[in-house]
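These notes are about the structure you will find just below.
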Amino acid sequence: MTLATELQAAPSAHLAIDKVTKWFETSRGRVQALDEVSLQVAEGEFVCLVGPSGCGKSTLLNMIAGLEMPGQGSVEAGGQPVKAPSRERMMMFQESALFPWLDAYGNVMFSLKRKPGLTDRERREVAEYYLKLVGLEKFMHANIHELSGGMKQRVALARALAPNPRVLLMDEPFAALDAMTREQLYGDLQRIWTQRHVTIVFVTHNVREAVCLGDRVVLFSPHPGRIREEFKVTLSRPRDINSVEVAGYATRITRALKDHMEHGAGI
Amino acid sequence: MKRFLTATAFFVLLIAAWHWVYVRRFWSPVLVPSPESVGRYLWEIALDGSLWSSTVVTMKRLVAGYFIGLLAGLPLGFLTARVRVLRDTLGMLALGLQGLPSVCWVPLALLWFGQTEGAMLFVVVMGTLWSVILATETGVRNVNPLYIRAARTMGSQGVHTWVTVMLPASLPFIVSGMKQGWAFAWRSLMAAEIYVTILTGFGLGHLLHYGRELNAMEQVVGIMLVLLLIGLLADKILFSPFEKFLHRRWGTEK
Amino acid sequence: EKITLRVGYFPNITHAQGVIGSHSTREKHGWFEQRLGPDVTIQWYPFNAGPSAMEAIFAGSIDLTYVGPNPALNAFIRSQGDEIRVLAGSALGGAALVVPGDGRITQPGQFKGLRLATPQLGNTQDVAARAWLKQQGFKTTLTGGDVLVLPTANPDQLSLFQQGRIDAVWTVEPWVSRLELEANGRVFLEQRDAVTTVLVSSVKFLQAHPDLVVKFTAAHRELTAWLNEHPDEARAQVRAGLSAEMRREMSAGIVTSAWSRLKFSDQVTQKQFEALVTEAQGVGFLRNAIPLDRLFSRQP
Amino acid sequence: MKRFLTATAFFVLLIAAWHWVYVRRFWSPVLVPSPESVGRYLWEIALDGSLWSSTVVTMKRLVAGYFIGLLAGLPLGFLTARVRVLRDTLGMLALGLQGLPSVCWVPLALLWFGQTEGAMLFVVVMGTLWSVILATETGVRNVNPLYIRAARTMGSQGVHTWVTVMLPASLPFIVSGMKQGWAFAWRSLMAAEIYVTILTGFGLGHLLHYGRELNAMEQVVGIMLVLLLIGLLADKILFSPFEKFLHRRWGTEK
Amino acid sequence: MTLATELQAAPSAHLAIDKVTKWFETSRGRVQALDEVSLQVAEGEFVCLVGPSGCGKSTLLNMIAGLEMPGQGSVEAGGQPVKAPSRERMMMFQESALFPWLDAYGNVMFSLKRKPGLTDRERREVAEYYLKLVGLEKFMHANIHELSGGMKQRVALARALAPNPRVLLMDEPFAALDAMTREQLYGDLQRIWTQRHVTIVFVTHNVREAVCLGDRVVLFSPHPGRIREEFKVTLSRPRDINSVEVAGYATRITRALKDHMEHGAGI
C-alpha cells in the first residue's frame, strides 16, 4: 500500500458491532463464544470490557481486529465492514505474542517498519522512546526468552503503541505488571489517548483499572458471552486509580457483576 | 576444545578398531583394506592434485544444484503450505517424487540436456527440490498462528509476512529440512556422477564409482572418508551457525 | 552331505551358458544339477556388472561366476592372485564399433573430434576402444583428447546415439544389434576373437571342493559344445531364460542377430589375458600388474 | 472431496500434457513413451500378477528397513540430543554418513550378511538411520524448554520425560523427519535392489532396473508411476493422520 | 522411584534460602537477577513474594523448584540441598506451560500419573474433582489452544494442585482471572492449604491478594533483586479480600513498596 492510498483509506475510527454471534467448531461439538453482542464505540472513545473468564472478550477483540469473522452479525470500522486485519487497528494480545527471533528492539521496530512516511532514523527514535517509556531501555537488545513475564508484556505494549494506530485493541495489557509500573503506565496511556485521539477497546479483570481508564465500562456474562450492562464513567481526567471516586464506581460495578453472575448463572 | 578432543578420540578409536579387524584378517583384505593403504591412496591423490581438483568439481556441482533446489524449494514450499490448490497438486507431486531414486531422472536429464553439466544439475535439483519443498511446507504449517495474527494486525501482508514472520518462525524446521536436503543433494550428485558421464570435470563421484569398478576398495573407502569429512565441514560452515543463532535467540537448549 | 553351489551370471546374451543353466534350474531340469549329482543344489545369482560379481566373490557370498575378462583380471591383480581363478572360456566376440548408418564415417581418420561412447570406464570395450584409437594415432585422456571417449551406460548410449548427441559407440551385444536395428547404426569394426566371457571360481571354494569345481567345469564345457551343436534350441532357451529373469519378453530378432556375432568356446589362454594386460597398461588403466602364472592354476 | 477432485484434475492435466508432447513427437517415442503404452504395460503386469508380487516384495523390505531405522534412530536421536558425548561422536558420525550414497554400504552388507535379505535391509537401514537420528536430534533440541521444566517439577525424569514430553513436543519435527526418512528408505531400497543380488524376491527396483537396462521406457515410466502412487498412499496412511492430529491438537493451521 | 524410597525420602518441607546470588549470562553481558537473597519458609507456611517486574521473583521460584542453580549461596528443602526438581515441590509457572499435545484432562492426569500409590480410578476422580474445582468440567476434553487465557491458567492450577505436593510454588497463578473466579479460588486455596499443611510460596502483583493469602509478605526491589522488607500478616483465617483489615495491611505494604522504589531507584 502506498502512502497516498493509505491516507485516503483512513476513515473515521468509529467501531460498530452489530448482533454478533460466534461459534467455534471443536472436536467435542460447537462452543458458542458470543451471542448477539452489539456495541458502538465512537471515534476517540475509551471502552473497557469486563467479564468472567471465558465470556468471549478476546474473541470479540479478535473480530474487531479482523482476525476472526463473526458467525452472524457484522463488525464495521469507520463504516466499512471489517474483512481483514489492518495496521490501523493494532492488537495487543493476551499472550505476549512477541517474535522470539527478534530482540526487544526488533519487535518494536517490526510494527514501526510497516508504517509508511517515516525515515529510518525517526523509526529508531520512536522505538527507543517507547522502550524507555515502558522502562526497558537497558533491555533493548535482550532476547525475548531472557525477559521476565512483566518485561515481555511491556515490550508488547511498546510494540502496540509505537506506530500510533487509530484503534488500539488491548487484551489485559497490564495483567503481569506490578501496581507501580501499572500506575505509571495508566498515566502514559491516558496521555497518549487524549493527545492522539485514539480509539481504545480495553479488556481487563481489574474493575478499578477499567474505571480509571474508560469512558465506558461494558460488562459481559459468559456461556454464551453476552453484554449485560454498560456504565458511563464521567469522572474528569486524568484520574487516579487510588481516588475515592474511582473506588466508588468500582464498587458499584463489582456489585453489578456479582448480581449478573448469580442471576445469570442458570442462563 | 574439549568437544573437539572427544570427537578426535572417538575417530581415532574407530580407526584403531578398523586396523585391528584388518590385521586379524576376518575378511578378504581386498574388501577391507588396511587404514595404511587408504591413507597412502589419499596421500597420493592429494599429491598429484586429483583429490583437490575432483573435490572442486564436485563441490561446484553440489553447491549449484543445492542452491537452485533451495531457491526454488523455499518459495514453492511456502506456496504449497498456504495455497490450498497448490498443496493438492504440487504438494502431492512433491510427496510422490521425493521417493524416486535419482536414476529415474537420468534419462530425462540426458534427453533435455545431453551429456552436459546441465544434465548433472538437473539430477541433483530433482533429488533435492522435493524434499526442500516438503520440509518448508511442514515448517510453515507448524508456525504458531499467534505470530501470524500478530504480524497481520501490524499491517504485514503477503510476501512481507512470509519473509519476516513465517520464514523466521519456521526456521528451526527449515534448517532441519535444509540439512536433509543437503544429504539428498549429495546422494543425488553421487548417483548423477555415476550415471551421467561428461567431460567437463571428473568429480568425487567418479572416483568413488571407478574405485568400485576396479575393485579398488582403498579408493572407495578413501573417497568415503573424504565425503564424510566434507559433510562434517559443510555442517560446521553452513548449518551450525544458523542453529547456534536459533538456539540462542529462542532460548532452546543451553 | 548336501552342498549348495552359488553361481553368478549376467542376464545377458554374452552369458548364454549361465542363462541356460539358471533357466534349466528354474524349469526343474537343471543342466548342471544333472551332472553334479543329487547332493548338489545350485543357486543362480544374476549380476549386472562385473565388479559387483567380483565383490561377491571377495565377500564369499558366491562361489563361481561367469564374468568378463577385465573384471576377472582386475580381481586377480587386486587380490595379488590370492582369491580368484579362471576355470574356462565361455564366449568370444560380440563387441563392435558402431557408427551412424548414413555413411558419414568411413575412415578411421574421420574420428577426430567426434564423441565415442563406451559402456564403462576401464571395462573390456573401453580399453579396446582406447587401444584402437591409440593405434590410429589419436590421443585420448579421461577428460578430452583428439577423440572424446565418453563412458555411458548402454541404454543411454542408445538414446543419445538416436538423438545424434554421440557419434559412435563401442559396445557389446545385444547393444550392437539394437543400435543396428533400432538406431540405424552400422558396424564399423568388429573384434571377433576378443574374449567376452569366462568362468571363474573363488580360490576358497576351489580349495574346499576341488572335485565339484572339476565337475562343474566339465558340465560347462559340455554345455558349450551343446550350444554350438544346437544353436536354434540354445537361442530359444536363452531367450526364454532372459525373459523369465527380466520379466520381459526378449525380441527374437535381437537374440538372433546378436548370436551371429558371438562365438561360444570353452578355450581361453593366459596369452589372451596377457594381451589384455598390455592393452590396459598401454592406455594407462593398469599400473602395478603381477605375473598371471597362477591365473589358471588349481593350486592357491 | 473437493481436494480429491483438484488433485485428480491436476494429474489428468499432466497426463494430457504428456500425451500432447508424445503426439507432437518432440522427442523420440523410444524415450518418451505414450501414456497408452505405459498404461498397457501396467495393465499387463497387473494381469499377470507380477506387479502385485513385486510390490509386495518391495514393500516388505521397505517397511522392515524403515521401521528398523526408525526404531533405532528415534532413541539414538534422543540420546545424541541430550548427551553431550554422544553428540560429539555419534552425532558427528551421523552427519557425515547421512550424505553417503547407498552404494557405499553394499560391500559391507555382503561381507556381513552375504547375499540375503539381511544385506538388503542393512543397506536400507544405513540409508535411513542417520537422517532419522538427525531429525530427531534437531526436534528434541528445539523443544520449548518450558515443557521440560514443567514435566520435571511434576516428577517426570529420564525415560519418562523422553517418552511423554520430548517425544510429543518434538513430534512435528519428528514427523517431518520421518517423512524424509521414508524418502531416504525408498531411494536406498531402489539402490539396494539394483546392487544386492538375492534370490528371495524380485522387487520393483528390479523391474525399474531391468526396464532401464533394456531401454524399455514404458516400463521405467510405469514403475515410476507405481512408486509415485505408493509414495502418496504411504503419506496418506502413515503420516497424514499424525499431521492432522498434530494440527488439531496444537491449533496450528485451520 | 519406588513407593518405599518415596515415603522415606519425604522430609520436612521447610525451605531455607541462604544468601543466594544469581547471574544470567547473556550476549549483552551479565545480568544480575538476585543479590544475596535469604529467606526461610517454615513447613506449612504461606509466603507471598511481591515486587516490581524483573526483580527476580520467578528466578527465585525456579531455584527453589530446582530448575536453576544459584550462582552463590544455597537453597535447601527439608534440610537437603536442592539439586534437581522433585514432584514434592510443584511449580505453577507464570506462563501456563500446559502441554499442547494433551487436552485439559490429560494435562491434569500427567501430574497425577507421576504420583505413586493411587489407582487409576482414584487418579481419574481426583483429576475430575480439580477440574470441577476450577470450573472447567465442561472443558475437560478441550484442546489447550481452544481455551481462553483464564481457562488455561485454571487448568494449570488444577494440574499443580491435583497431586497434592508438599510444597507449592505459584507464579502469579491468578493474573489472568476475573475478580470473582479469583475470590472463589482464594477460598479453595486457603482450604486446601490448611487441610493439607502445604508449604506455599506465592508470587503476585496484587498486594491485597498477598495479604489475603499469606502468613508473610516479602517485598523485593529490582536491579539487582533484593529482599527489602517482610510483613507478618496476623489476621485470622479465612480472610476476605474485601475486608477492611486486609485493605489496611495492603495500604501499608503498598506504601512501603513505593518508598523502597523511590529510595532504591538509584541503587
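We just call them A, B, C, D and E in the order they show up, numbering each chain from 1.
Heads up, the rule we're going with is that contacts are C-beta pairs under 8 Å (C-beta built on N, C-alpha and C of every residue); 3 or more make two chains touch, one makes a residue touch a chain.
Bear in mind the structure is a predicted one, so any value in this text is a computation, not a measurement.
Visitor: Following contacts chain by chain, what is the lowest number of steps it takes to reach chain E starting at chain B?
Guide: 2
Visitor: Starting at chain A, figure out the least number of steps needed to reach chain C through touching chains.
Guide: 2
Visitor: Could you pull out the chain whose C-alpha mean position is farthest off from that of chain E?
Guide: Taking each chain's C-alpha mean as its centre, the farthest from chain E is C.
Visitor: Could you tell me which two chains share the largest number of C-beta contact pairs?
Guide: Chains B-D share more contact pairs than any other pair.
Visitor: Of all chains present, which has the mean Cα position farthest from that of chain A?
Guide: Farthest chain from chain A, going by C-alpha centroids: C.
Visitor: How many angstrom between the C-alpha centroids of chain D and chain A?
Guide: Going by mean C-alpha positions, chain A sits 49 Å from chain D.
Visitor: Just how far, in Å, is the C-alpha centre of chain C from the one of chain B?
Guide: 36
Visitor: Could you list the positions in chain D whose residues touch two or more of the other chains?
Guide: 31, 107, 110-111, 194, 212, 246, 248, 250-251
Visitor: Where in chain C do residues touch at least two different other chains?
Guide: Chain C, residues with two or more chain partners: 55, 59-60, 155, 159, 163.
Visitor: Show the residues in chain A shared as contacts by 2 or more other chains, in ascending order.
Guide: Where chain A meets two or more other chains at a single residue, that happens at 27, 95, 143, 146.
Visitor: Name the touching chain pairs, would you?
Guide: Here the touching chain pairs work out to A-B, A-E, B-C, B-D, C-D, D-E.
Visitor: State the interface residues of chain C toward chain B in the complex, per the touch definition above.
Guide: 49, 51, 54-55, 58-60, 71, 74-75, 78-79, 83, 115, 120-123, 142-144, 148, 150-153, 155-156, 159-160, 163, 165-166
Visitor: Please give the residue numbers of chain E that touch chain A in the complex, ascending.
Guide: 24, 26-28, 31, 50-54, 58, 94-95, 141-143, 146-151, 154, 171-172, 175-182, 205-207, 254, 257-258, 261
Visitor: Within their complex, state which residues of chain B touch chain D.
Guide: 3, 6-7, 10, 27, 31-32, 84-85, 88-89, 92-93, 95-104, 107, 111, 130-131, 134-135, 138-139, 141-145, 172-173, 175-177, 179-180, 182-184, 186-187, 190-191, 194, 205, 208, 212, 217, 220, 224, 227-232, 235, 243, 246-247, 250-253
Visitor: Okay, in this complex, where on chain E does chain D touch?
Guide: Answer in residue numbers: 62, 65-67, 84-91, 93, 95, 97, 99-103, 110-111, 114-115, 143-146, 159, 163, 169.
Visitor: Provide the residue numbers of chain C that touch chain D in the complex, in ascending order.
Guide: 6, 8, 11, 43-48, 52, 55-56, 59-62, 154-155, 158-159, 162-163, 178, 182, 246-248
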